[in-house]
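Heads up, there are several structures right after this.
Presented sequentially are two complexes of chain A, the first with chain B as partner and the second with chain C.
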Partner chain A sequence: MTGRPLSSLETVLLGLAGLCAFVGLWTLLSVTGIVPRQFLPTPLDVATRMIQLLSSPFAGATLPMHLASSFQRYAYGVVLAALIGVPLGLLMGWFRLLDDIVTPIFDGLRFIAPIAWVPFAALWFGTGIGGPVMIIFAGAFPPCLINAYRGARFVEPRLIEAGRMLGTPNARMILEVLLPAAVPSIIAGLRVSAGLGWQSLVGAELIVAAAGVGFMMVQAQGSVQTATVMVGMVAIGLVGMLIDVLLRQGEGWLRRRRGLEA
Partner chain B sequence: MGSISFRKVDKVFGSSSGGVKALDDINLEIADKEFVAIVGPSGCGKTTCLRMVAGFEAASSGEVLVNGKAVTEPGPDRAVVFQQFALFPWKTVRENIELGLRNKNLPAPKRDELIAGALKLMSLESHANAFPHQLSGGMQQRVAIARAYVLDPVVLLMDEPFGALDAQTRVVMQEELVRLARRNPRTVLFITHAVEEAVYLADRVAIMTRRPGRIKEVLDIKTIRETENWDSHSKIEDVMDLESFVHLRTHIWKSLREEKGFKDV
Partner chain C sequence: MASVGSRRTMIGLATLAGLIVLWFLLTTVTGLVTGARFPSPSEFWTSLTQISGRGYAGASLATHALHSLKLVAMGFSFAVLTGIPLGLWMGWSRRVEAFVNPIFLIIRPIPPLAWIPLAILWLGLGDAAKVMVIWFSAFVPSVINAFTGVRNIERPVIEAMQMLGTPRWRMIREVIVPAASPMIFTGLRLSLQASWTTLVAAELVGALVGVGFVLNMAQQDIYPGMILVGMITVGILGWATTMLLGWAERRALAWNVAARD
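Presenting the complex of A and B:
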């Protein structure tokens, strides 16, 4: 990039221009019949359908109900990933032996996409709450673990030495030295986890038999209701953006607070 | 009791095939309550000597003993004051000082009493609840010294503790350390590359050669200090003007200048 930096107004305008071009092209393709409207509903079709779905149920629930159901699964998966990933990462950062045992397995497993777990998630944990949560967990877990591990592993060596010189036992070392030092890295990891967990949602809900945005999309696909499928996609995109914006705000707030404190 | 012994200590860094010899046949006996400074050119291995007593590094051959027992790991009986302070940024002054006492499982009233004493000793009473980044470098190093003193260690290991401080703060800290050390003598191993600092503070000064570091000479300062009555002067600049001080300083400078690697003040 060259030239002067853009003002925030210009940035917003450019973003809007991009969005308008995207929607315009989409409308053009659909209205002219270049792509059959059956396969590519117009933006207006999608918007209309979305407003309908806010109140009238599809596949047993309205859009907000589907979203609520999805969000619950998602929250379980991400919280579980954080509850296991962060402590395990810290322990691996401190105990070399555990690091040597876990790292090779983990390095292989983390390249398996969450959706690849679908068959086994259903077999092992069922299609109720367990299976979908496991798939979201599979998406959200690696960044939790990796970031906690890196945060703990790369603590300033002087602080580790100071802790050891003071006779600090292992548990206290992890809780009072490694954990606080790793907080910025852990928070960054949680944000990435939250994003990846949400991305894994549709895959997770392929095997759900009750409610959820992914479930709604699968049902709509079965009856070739393309506008409804797209409503699901748009809803996932919007909620994902919202989650990211909120977490970014939270991260920024934490960093500023720590900047004053640390 | 707190004696330190280096016996035929060698230290080789790196692989067994292509290692770099950092220390060569170090022999030094530090008696109980003696203050010994090691001076030497950059990279001569003086800090490595201290780190071996602290238990951060192991000797490649020979023995490092504290009170006749081989050092195997770090511990609160050998408190370290680091050049870069190494305070925990997320803990207050008080919490930094308290950690070592909690590790000793002392009851809260006893801890409070000891912390109050350490804060007073280092004139930190009004900063007990401050975080390290809110303090100047000199104050941070006071916290680090308080954190070490409060443990009542067998030996105190100071690794260029005033190296990161500005000149004025440095002088104040040196004067305070002298008062502290004379009033309440304990075994101190002090690493520095500042010659005046070593002569002013220590009972004996060990001069090291460039890498691989060997101990070239050990000077007795204490006898001269006592016969010339340095401690009757409270200001460091007055002591530094004394003929006996200048003589010792010049001797050490010349000795260091013979070392090729010498370039620091």
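Presenting the complex of A and C:
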């Protein structure tokens, strides 16, 4: 029933039961050979492989090295998206004409999955660092723009009226009224961007890259090393989670500092 | 209000016209952007007629597009048919929630695209692998939103039903599902978007037919005209399916005043 909340003991026990069922079923399928072990290694196999990969290289680099090169591209792409998306969003929130011009273009492009930019990205910027960065950018850009725009567009009219009455110039209006008011919305957008950028990175590396976790997974897939593929999935999941936790912390800190409820 | 709307439309149309003129100027007229980087309008037209008529990458554009559409429809339907009941059940029963949640917490951070290599290892380059990854990517938003939808139902509504001794199945059919449906549709929109992204990625990694495969071949042939055709096709398919879902939502939620705004 939706009614009574469970006691914490019940929650923990049921949660453990769920995890045991999941891991148990997985191990059982693999150990009994219902699914060949080459295609479904046991959780222990995956963990062992992960420890191995920390020091021994696969596809030209160890796991930390692959992660480092993935992360570098990721950081470039997301930072670029924020640096272009946020100011453009604010400007669109202030200048109606810009809004009217950019919004239809943006709406048209929105339906093209970011990953569909891969061929042009490879053609324009190569498969080294530029191509993947462009795809991450394509994934991370929309939330940056949309949230900055919404934040700026829905600023309390009183603030804008007061600013207007005092004859505030456009630049100061954007920097000192719209930007601060839009910060919570912008931060929320950045968090979404960070997640989508990480998604796109994985896609980009599966298709065009010569290093990185995604590349490692494709190589492992080619040589039927399922354990290594799974290590890649776990590593991607962990880093993605870490990014999200850090950004949530940052968001909470910023909100507290501005005296908003967390 | 009407004048504001028409102003927007006018500027939108002007922008579109401006972009097309700019495209002509940069490629055909001045040659600032060469055909090796971005196709000129005539190159785009040639590619479009080629793939519509003789075909490209083994089939005509319609065949590729319909194949992709079929895979998305299958993966999306599987995800919705499994995800929504699970989400409703998790919302209904705290025990189920406590049991399933930790498994979810482990699997959720792995982006759907990261399942592609594993799906190919397990199921090969054919349709089954694609349906599996689409299912995966669309499953999570379906579950989460159905779950949230049930949890957001106001307690007094449920308590009143219980007090009146409403049988369980009637309660689910007449209270839980309708009350959760606005949230469920939000989840479906996210699921649909995720489905297209995943499908295109999966087809780019490996396929024998489909829009992603067209993009892949065009990339390898360094054929910018065909790349543009592929991208526009992806956009149109995404747009059309989103419109279809929006239409279904308006019909299903016609009773919901809040959704009409």
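Quick notes
Note that the second predicted complex is superposed on the first by the 236 of 262 C-alpha atoms of A that agree within 3 Å, B and C clash if a C-alpha of one lies under 4 Å from a C-alpha of the other, contacts with A are read in each partner's own complex, and residues count from 1 in each chain.
As a working rule, a residue touches a chain if its C-beta (ideal position, glycine included) is under 8 Å from a C-beta of that chain, and two chains touch if they have at least 3 such contacts.
Remember, predicted model here, so these are calculated numbers, not experimental data.
Set against each other, chain B and chain C differ in how many residues of chain A they touch, and the higher count belongs to C. Contacts of A:T62 after superposition: neither chain B nor chain C is touched.
Of the two partner chains placed around the shared chain by superposition, neither chain B nor chain C is touched by A:Q52. Contacts of A:R158 after superposition on the shared chain: chain B is touched, whereas chain C is not.
Once chain A of one complex is fitted onto chain A of the other, the partner contacts of A:T42 are absent, as it touches neither chain B nor chain C.
When the two complexes are overlaid on their common chain A, residue A:T168 makes contact with chain B while staying clear of chain C.
Within the superposed three-chain model, A:T127 lies out of touch with both chain B and chain C [touch as defined at top].
Against chain C, the residues of chain A that register as touching in their complex are 1-6, 10-11, 14-19, 21-22, 39, 97, 100-101, 103-105, 108-109, 111-120, 122-124, 198-199, 202-203, 206-207, 214, 217-218, 220-221, 224, 226, 229-230, 232-234, 236-238, 240-241, 244. Per the touch definition, chain A reaches chain B in the complex via residues 156, 158-159, 161-169, 172, 176-177, 180-181, 261-262. Chain B makes touch with chain A in their complex at residues 54-56, 73-76, 78-80, 82, 84, 86-91, 99-100, 102-104, 131, 133, 147, 151. Those residues of chain C lying in contact with chain A across their complex are 7-8, 11-12, 15-16, 19, 36-38, 91-95, 98-103, 106, 109-118, 120-122, 150-151, 153, 155, 158-159, 193, 196-197, 200-201, 204-205, 212, 215-216, 218-219, 222, 224, 227, 230-232, 234-236, 238-239, 242.
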